[in-house]
Amino acid sequence: MNTTLAGFLYLIAAVLFILGLKRLSSPATARAGNRLAALGMLLAIVITLLDRQVVSFAVIAAGIVVGGGLGAVLAKRVQMTAMPQLVAAFNGFGGGASALVAAGEFLGSEGLATRTVVTIALSTLIGGITFSGSFVAFGKLQDLISGGRVTYPGQAFGDAVMAAGVVALGVWLVAADSVPALWILLAVSLVLGIVRVLPIGGADMPVVISFLNSLSGVAAATAGFVIESNALIISGALVGASGLILTNIMVKAMNRTLIGVLFMAFGGEGVVSAEDTGDKVARRASPDDVAVTLAYAKRVVIVPGYGLAVAQAQHTIRELATLLEHRGVEVHYAIHPVAGRMPGHMNVLLAEADVPYDVLFDLEDINPTFPRTDVTLVVGANDVVNPSARADTTSPIYGMPILDVDESRMVVVVKRSLSPGFAGIDNPLFYNENTLMLFADAKKGLSEVVSSVKSL
Amino acid sequence: MNTTLAGFLYLIAAVLFILGLKRLSSPATARAGNRLAALGMLLAIVITLLDRQVVSFAVIAAGIVVGGGLGAVLAKRVQMTAMPQLVAAFNGFGGGASALVAAGEFLGSEGLATRTVVTIALSTLIGGITFSGSFVAFGKLQDLISGGRVTYPGQAFGDAVMAAGVVALGVWLVAADSVPALWILLAVSLVLGIVRVLPIGGADMPVVISFLNSLSGVAAATAGFVIESNALIISGALVGASGLILTNIMVKAMNRTLIGVLFMAFGGEGVVSAEDTGDKVARRASPDDVAVTLAYAKRVVIVPGYGLAVAQAQHTIRELATLLEHRGVEVHYAIHPVAGRMPGHMNVLLAEADVPYDVLFDLEDINPTFPRTDVTLVVGANDVVNPSARADTTSPIYGMPILDVDESRMVVVVKRSLSPGFAGIDNPLFYNENTLMLFADAKKGLSEVVSSVKSL
Amino acid sequence: MQIGVPRQDAPGERRVALTPEVVRKLAASSHEVLIESTAGLSAGYTDAAYTDAGATITGPEEAWAAEFVATVLPPPPGVRLRPGGSLLGMLSPFDDPIRMAELAKTGVTAFAFEAVPRTTRAQSVDALSSQATVAGYQAVLEAASMSDRFFPMLTTAAGTIAPSKVLILGAGVAGLQAIATARRLGAVVSAFDVRAAAAEQVQSLGASFVAVDIEAQDAATSGGYAQEVAADEQARILAGLAPHIVKSDVVIATAAIPGKKAPLLITGETVESMRAGSVIIDLAASTGGNCELTQPGQTIRHGEVTIVGDTDLVSRTPGHASQMYAKNVVNFLDLVTGEGGALTHNWDDDIVAGACVTRDGAVAHPRLKEALS
Amino acid sequence: MQIGVPRQDAPGERRVALTPEVVRKLAASSHEVLIESTAGLSAGYTDAAYTDAGATITGPEEAWAAEFVATVLPPPPGVRLRPGGSLLGMLSPFDDPIRMAELAKTGVTAFAFEAVPRTTRAQSVDALSSQATVAGYQAVLEAASMSDRFFPMLTTAAGTIAPSKVLILGAGVAGLQAIATARRLGAVVSAFDVRAAAAEQVQSLGASFVAVDIEAQDAATSGGYAQEVAADEQARILAGLAPHIVKSDVVIATAAIPGKKAPLLITGETVESMRAGSVIIDLAASTGGNCELTQPGQTIRHGEVTIVGDTDLVSRTPGHASQMYAKNVVNFLDLVTGEGGALTHNWDDDIVAGACVTRDGAVAHPRLKEALS
Amino acid sequence: MESLLIPITVFVLAAFVGFEVITKVPPTLHTPLMSGSNAISGITIIGAIISAGRADEVVTSLLGFLAVAFATINVVGGFMVTDRMLEMFKKDRP
Amino acid sequence: MESLLIPITVFVLAAFVGFEVITKVPPTLHTPLMSGSNAISGITIIGAIISAGRADEVVTSLLGFLAVAFATINVVGGFMVTDRMLEMFKKDRP
């Protein structure tokens, strides 16, 4: 094939990647975006096969069959819950491939230009780190490796030595075109990937994977420098940059910093993403999480409590409900007889916000509907949704009828902390599998959710 | 200078342009962005002067002194209100320069490659159109040319002939390297620019200028192809693309389409951007306009009227007021004694939305404050802000005390149309110089303003 | 100018035409204000407060005989007005044209608030509006305290209290105020009126409009007022309203047609099918009532339904009612006096001309002339 | 089980312990309900409605002598209860321990709603709360219709009506409901209480809290109830509240301490410096009143200030008040009956045990025992 | 370094596109987006194919084979798994 | 066409950056943004300088002079006038 034509086709593939990525960041178009990107990839592969110095197809065919088969099977078989680790593994393979390409280029060619060797060294290093780091992340998520923060004694010093070693090896490689240098560099990279990811906690693995994904983009780009392919450079840079942005978005959503996540095992930040209380863990959500959860539900029940009154969030909750209704979500309110601090407390507030009476439901009327409710939004209520009234005979509120919010598919609780309500007792609801906690003043938190729903 | 170094410096200049443009699109950073871009430009000019085939500095110096002087004087002297036409003129010069560069290259070099001649032709064409089109826009805005839709008989046919002529001339130029072909092409381009802009109405000139600006970016990029300069290509493409986006944003804000604007003199859309009533023109604003106007004010007075009640927009206006207050804007409400349809109508609504009593003001208390009010937001009120009660002795409401909103620096009126209120009389306020009309149902319109303020 | 303010001696009437606050302003613009002794007491204004403000306390004769008399209700029979003097008040001119003719004979120039045109500019002198506002508000309070039920919805540990259903008949000034007040208290409010513009106004207060199968009136042709409906429409109104009335806990009826008997909207039969404990407040009682069973001036129980025909509701918020009335009076005085406070009778002003019911010894208002001929 | 519902004959009392609605449920679970003839009439429930629901209409003797008697107020002197039977009602045990001792002697097992612990689980049988809710709501309605002023702010062509200032003293159940209702009507509301938790609760209803320079009480230690304050604190409360009371148009006083005289919060002197036309509603009248001048059971005028000491406010919304009370009664019955509706007196239940005031011929509540010894 | 100018220019521009193309992503899309962009980074498959297609000695062939296999896993698995994750958004939109 | 590949690649990428870099612009910034990006399009001054610096015959010199002058007007005037417009945003932000 004409190389100029090939060049243009590669450009088209790159444009497809760009468009695909753009579409991937909005729920409505994400699937189409992914397919667009896949199309771009197909195009790029076909061009490569037709063009270039491809002499023997056997090895390629073998690789594609083996890799493709494995990839397809994994992608089909793995359970939904295991997706993150699968992505980690795939990412590792990508990084490994980049390192191998660089190594192959080095071994297969003679008299390479200095700058090519430099990029080969970079590609090997980054690809190696991505490869081993991704598999450690995989292991942590798959519970093959402890989710805790594993370090080795004197790690700070050891890591620094290795970093220095990498530089030295790079210089050696470039200066002497030495094959052993390449192998050692690869080995050190692999070790670095392992020791840098091991100390990071399991809860932070998604961020690490996203970061490693960004790195694997950079690895691809450097491989592009090596084989002088604009397609690789563009796509690699694209993934590198967008991956970094995505990492940043994720880190922000957790109220963290990237540095904090990557280096926190060594002092520094000690924030944990889930609120720990003994061995029970409450899942913390961001307003954005809550917004998406609500926006894509079909039926939402709002349970107001005393906290709604304290925060004077009645207008905000009404606004949120209206927004959701406009998106076609069915929104009901569940009023517990003793919610608030006086009989009819919630009625007063909701009337003030002009919530129509016909969406307010009593305990008896709403309880049977929870199992078919997608999301229950509990705003500043506590005792009235405490399942121990149902289950725990020792509880002081045992026997009181409560709103069975825990029976809905998902529960979002908006309150400022895990502290108890009027009755002064702990609430197991907050530690349920299907409960998300939005820790915030109800008015502030909900208005952030409102903004977020608006921008969906 | 080392050309590679120069290349990298050009790249840095281009990056500065990108960063500058990005910052230019947010009020808080716009100024810094502009300066960043200017810095990039300085860098690019210095590199060019140091590098390349510059032999004689005399001509360059003369050009820079003359052009710089003229530009600076114009930029300093021109009144704020004349800014748009000034931008048009500057834009014209830019387009002209691109055409001249292409022409100079053609005349100054021998045996140019075919592809270079093609780009020269393109650059001349686009540059020429930009040049003449911009000056026609300038003329229209400066009232040197009629703001109406000027066409010549049989324009549709004539324009088509010219378009065909351009193609023919291009072929001739490329095939024969003919100098006359270039001059004729330039001439036809200039004519095309004139006849394509003349038929567009004065109110649409900002869109036309933005579009021509995008074109001048493309002209610069094609000039970059001619002289093989990546700096030109990047910057040109950047301006071309972002200009197109900006044009689109502007067109959308006017509820129009670009095609509609550019070709509307020939049937098609007949929408005019300002609502015409006899010779009085009401200025229509978008929710975004209103949002910025309010967000950057220091003092805002809200005047609710019957329309607020009809739209049941009390919660929305309250939300907007709270948002503005959080931005540090002082927000008061002016309650006219007969606003609405029953005594105390506005009080009922605002109490429902929990607007504190201490920001509600009577006619007597608020009227003296209008001259120091930045923006008065009139929501569904009409008779109670009708200045004819003050000025027009023949008016049936002459003598009634009204809210003197027209004395504030800017008035924004939210209502669905220009139709009159209870008293059935026309309201000159709507046609005032400093009045913006947001035509919408109060609830819908205001909630769009709310969203827009949130995203500022 | 000399302004006289007599005490209102009608039973149940607690208002006064001027309050100390506005007397102070009048005194400052060199008017001489004569207040009949204890005229303001029932509204919460002592004689001392008036003298403080610059008024002179007098007997009833002096007050009625002043150059300009401001009253709330028409002068009782036997009162002596100054011939050539002026009189302002809610004189009910169209209810009793004969009395107006007699008043004219005394040589008094009389202005009736009822005759003020309902234009935008005239609102500041529109005492009908200001007093109807009070009536609408007070009617809801009476209804709420009389009802055996809560107005708002309450979800409590002792069961859920359903909100009361309140129906407002006639959405004029009083009706709209009643809607607003009942909504504030949390009731579920609906309303009915024959005027076309009313539906939007009712909805603008968050209440729902009861649609009945009739042709809505375009009141723009009749000065904003409704007109009597034809017999067949009347039948359809009664039939259409009955089911809504029956399922209401509280009905507040305010429908009126100026100078005419109040329209009948609630039949005895309908009342009988209402729930025990329901309440009807009939603000139209003084012109015959919107309910067939209403006894003007009385609260009766028909079966288990309470029907309030009290005509003194406005006087139950005498302080604010007087305050608003006094503002209307002062605003009117501004229209009829010139520089230095002298009475100039600005006859060019359509409000003054319109409000005038007797002048130069004869009735002046076209509608009165028509009624008397 | 046989359940008796006697008519309440105390003057002004219009409530009834069971409504037809709940009678129907009880009858369905095979209880025999005896309703004294016309017991429900004043609350809007006819005898026919009760028989419809499955009750038997009886004379007073049978009703009082039932196996389980549900009453609103304590049995009047001379009434004959069944020895070994049970009694449930608002028996005011701590106001009159002697009477409880006498009641015990009759061999009746008596449960008093006043003795129910104020816990979260007990709320469904908390008649004090349900009745206080009615009282708080009704108090505001009375105040609003008595006041010479509007509650809401109104900007009108006849001047601007400033909103009334309403001060609530004591932010318990009644006080909070009063706050909510007054706020609904548009008044500017502030409130005071001695309990620390009250400030947040007041603010959660959009009212402002009046801070007085005292140490707020942590009521968690005393079952949610306030305690008497020391003399110096009392002086500071009086001094701190006076200026707020004086500038209020309406004061609604609800402060109470169970079994004690109501705290004094408004002195005669303070009343005298209030504006003419102000209104004080004293819900604590029956335990002595929060205002020095309150006359229990009467509405008086002191100077130009109206002081309402009426003790029958709750009975002015008898329908809903009875409905809620009946729910409380039924919920309590659920606690003390077992399978098949038999009386089991679940003594293990802390609510039942707590509510019991007399048992086995003796007073059972520790506070009563203490008071009697 | 001359010949690095163009690749670096391209790299810088592409990185800018990458930075700008993603601005606001709802949290539910974090994983799919990561997975999708990870699949794109499998573009290194081009390098792998070229490497493997050269058919030199055994070592490089082996490296090439591994590189192609790894990259294909990344590409095929990545796009497929992303598609699976995104299935749930299919009909949820009203 | 071979040698057009690189410039076109660069053009396409830069255009993408341009498309993405501007997403939401408040209306008050429309004119300043237009003006600022217009000033950037004055980058053609580079071409003008090169053209003018060649110092050939009179015609091309004249063309060069005009091109430089035009472009300089665009650049200098454009940036300055944008700065003037943006002055009003200086202190308005709380």
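Note that the chains take the letters A, B, C, D, E and F in the order they are written out, and that residue 1 is the start of every chain.
Quick note on the criterion: a contact is a pair of C-beta atoms (placed from the backbone, for glycine too) under 8 Å apart; a residue touches a chain by one contact, two chains touch by 3 or more.
Please read these numbers as outputs of a predicted model, since none were measured by experiment.
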Contact-graph distance - origin subunit B, target subunit C: 1
Chains touching both subunit C and subunit E, listed by label: A, B
Shared interface numbering between subunit B and subunit A [over half = same, under half = different]: same
Longest centre-to-centre distance from subunit C, chain (CA-based): E
Chain pair with more C-beta contacts, A-E versus A-D: A-E
Chain whose Cα centroid lies at the greatest distance from that of subunit F: D
Distance between the centres, which are taken as Cα means, of subunit F and subunit A, whole angstrom: 40
Interchain centroid distance [CA atoms averaged], subunit B/subunit F, Å: 18
Rounded Å distance between subunit B and subunit D, as computed from the means of their C-alpha atoms: 68
Of all residues in subunit E, the ones touching two or more other chains: 1, 9-10, 12-14, 16-17, 20-21, 23
Multi-partner residues of subunit C (at least 2 other chains): 123-124, 129-130, 133, 152, 154, 156-159, 161, 184, 186, 206
Touching two or more other chains - residues of subunit B: 18, 22, 230, 234, 312, 337-338, 343-344, 348, 351-352, 354, 455
Pairs of chains satisfying the touch condition: A-B, A-C, A-D, A-E, A-F, B-C, B-D, B-E, B-F, C-D, E-F
Complex contacts: residues of subunit B adjacent to subunit D: 335-339, 343-344, 346-348, 351, 354, 357, 360, 362
Residue numbers on subunit F that touch subunit B, as the complex places them: 1, 3-4, 7, 10-19, 21-56, 59-61, 63-87, 89-90, 92-94
Contact set on subunit A toward subunit D in their complex: 306, 309-310, 312, 337-338, 340-345, 348, 351-352, 383, 389, 396-400, 422-423
Of all residues in subunit D, those that touch subunit B in their complex: 152-161, 163, 186, 188, 206
Footprint of subunit A on subunit D - complex, ascending: 119-121, 123-124, 129-130, 133, 173, 176-177, 180, 183-184, 200-201, 203-206
